[in-house]
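One chain, chain A, links the two complexes that follow: it is found with chain B in the first and with chain C in the second.
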Partner chain A sequence: MSPSSTMYKGKTGQWAFVLHRITGFLVFMFILLHIVDVSTLNSPHIYNSIHKLYGNIFLRLFEVGLLFALLYHALNGLRVVMIDFFPKAIKNEKGVFLFMLSLAGVMTLVGAVYILKPFFTGKV
Partner chain B sequence: MTTTIAKTGSVDAMELLTVHLRIKRYNPEVDTKPHWEEFEVQQKASDTVLNALHNIKWTVDGTLSFRRSCAHGVCGSDAMVINGENKLSCVNLISDVGTDLVIEPIRGLPVIKDLIVDMEPFFAQYRSVIPYLIAEDDPGYKERYQSQEDRARYDDTTKCILCACCTTSCPVYWANGEYVGPAAIVNAHRFIFDSRDQGTERRLDILNQKSGVWRCRTSFNCTEACPRGIKVTQAIEEVKRAILYDRV
Partner chain C sequence: MASVIKSPQSRDVSPQRRASRQNFETWSWLFMRVSGIILFFLALVHFFIMHILHDVTTTTVAFVAARYQNPLWKIFDWLLLSLGLLHGTNGLRYIMDDYVRSPLKRVLVKSTVYGVSGILFFVGTLTIITFK
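Let's turn to the complex of A and B:
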């Protein structure tokens, strides 16, 4: 049976836009979380116990995801700025998108090593 | 330039194929919400999707409703979502789009019946950008001359046939019908960059508002969807820069 609603088959530009929205929302949610944990700074023991939580593997993986969201959002933002200001960038927007996505991916992998390594070596 | 049509492959143009269509249907008199109906028709590989729809309407189910007028990609009546992309049914051949078709009305505009949508919001947005030549001064007993370079400046955006493929492919427009949409901006661009026109300031003011060009998030769906091959996103960006730098 046919689905009641179908997906519009846009090309890379549509997915660049969707991913930009999603990563933007995630980064915003993280900032809320960040404000909450920084606001506990007045009581150091609460602050420290919260920050111990960040050492577990799930929150470290979350941070890797956050790093990707931040990098993608920043780099794709630059792509949109390029499209807005440089008439030539628009002719190769797909290439620029794939470059920015790959760059975000590579930088996330590098960052992941630094974020995850302490968990495995035990040197938190 | 003619309406763009993908090149036909090596398929035998006269070969009869069984075309399977799933069409999103809605009859406001009996349905509370749209539903899908399936049809199977025999078509030549060189037939258009519109031929298949005609075949259904004329031989299988006369209640199937859709718009079409010239059937040759000029009037812009038959934009619809074919296999997930906005296309004109009259210029897409079965040999290009395949024999398994999912057809829906274009998105972002209210459905009146089956594949027919209410185009009035779209045309109202088109009218809002003052899409005609404004030239108050008297040119005297001669024409309003224009160099070939000046004419070429807005050539791309003269090709619009107001089919709404671009506007109804825009994710921003689906979410916010207040946005004037790509088609209106394309038609504003056609006059903004016309050296004979004197209404540029008025149009840029209109497009500088909340519902204007700044709603564009460069998803490029409009450029991909345009059956006339207009570089829609590029035109929108040119208008954005004209507003930003206050020059055309």
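Let's turn to the complex of A and C:
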């Protein structure tokens, strides 16, 4: 296969790909952890204390990071699907990438308010 | 006469094996797109309900018990579990194919990853089924 035949070429495309891979890896690692913590459901005492632990500020910040990774991976994934299935419908790949990245960023900031507020106000 | 440089990933395998591998990769490609679109909704709805509508400290056992009164949430969670694990494991397979080059290491790393994913699929399914 010659290099010119690949879909993923150019500067932004490569950054989109690298970020997609890193966020996908991180989300997957979290899923593995999450399956283990939820598996304590039949030991209510342990399950509830783990969820209390998730309420501390470091794990809340981690939760915000997870939200960004999830949003970016989901939105950029849609962009990849569009490129593969409707190549004509997506003329401005770079613009769509920047739009998805910004949308993920803005939605993360909004989500961060909801995730972090209970820690500071003490109200849930 | 220019010599042909083989792709680093190409190995000397029979045409049948190569064809079946290409067939598998085509299905894998399609699976990633289809499961990705389904997971787009499942994962984002899950995150929105559990982390935005509710706070992480209030999603206790009692909360899950109330939620699981409706069996549709069990199906929702099980779909998220199985599609998420399959999509993630297959994604990790791409990463391992790219970065783990030695055949011995590849066998070891891949069997570990597939083993862990398989065990966690079993654990997660059991958690949903046995919850009271």
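What we mean here is this: the second predicted complex is superposed on the first by the 111 of 124 C-alpha atoms of A that agree within 3 Å, B and C clash if a C-alpha of one lies under 4 Å from a C-alpha of the other, contacts with A are read in each partner's own complex, and residues count from 1 in each chain.
Note that a contact is a pair of C-beta atoms (placed from the backbone, for glycine too) under 8 Å apart; a residue touches a chain by one contact, two chains touch by 3 or more.
A quick note: this is a predicted structure, and the numbers were derived from the prediction, not measured.
Looking at the shared chain after the overlay, A:17 reaches chain B, while chain C stays out of its contact range.
When the two structures are aligned on the shared chain, A:49 is found in touch with neither chain B nor chain C.
In the superposition on chain A, no contact is made by A:102 with either chain B or chain C. When the two complexes are overlaid, the chain among chain B and chain C that reaches more residues of chain A is C.
When the shared chain is aligned, chain C comes close enough to touch A:38, but chain B does not. By the document's definition of touching, of the two partners only chain C reaches A:111; chain B does not. Shared-chain residue A:92: touches no atom of chain B or chain C.
Shared-chain residue A:25: touches chain C; no touch with chain B. On chain A, the surface touched by chain B in one complex and the surface touched by chain C in the other have residues 1, 80, 84-85 in common. Partner chain B is touched in their complex by these residues of chain A: 1-2, 4, 6-14, 16-18, 20, 80, 83-85, 87, 90, 93. Taken in their complex, chain B has these residues touching chain A: 22, 36, 38, 81, 83-85, 102, 104, 107, 169, 171, 217-221, 223-224, 231, 233-234, 237-238, 240-241. Remark: chain C residues 7, 33, 36-37, 39-40, 43-44, 47, 51-52, 55-61, 64, 81, 84-85, 88-89, 91-92, 95, 116, 120, 123-124, 126-127, 130-132 touch chain A in the complex. The touching residues of chain A, when paired with chain C in their complex, are 1, 21, 24-25, 27-28, 31-32, 35-36, 38-39, 41-42, 44, 47-48, 51-52, 54-55, 59-60, 63, 67, 70-71, 74, 77-78, 80-81, 84-85, 111, 114-115, 118, 124.
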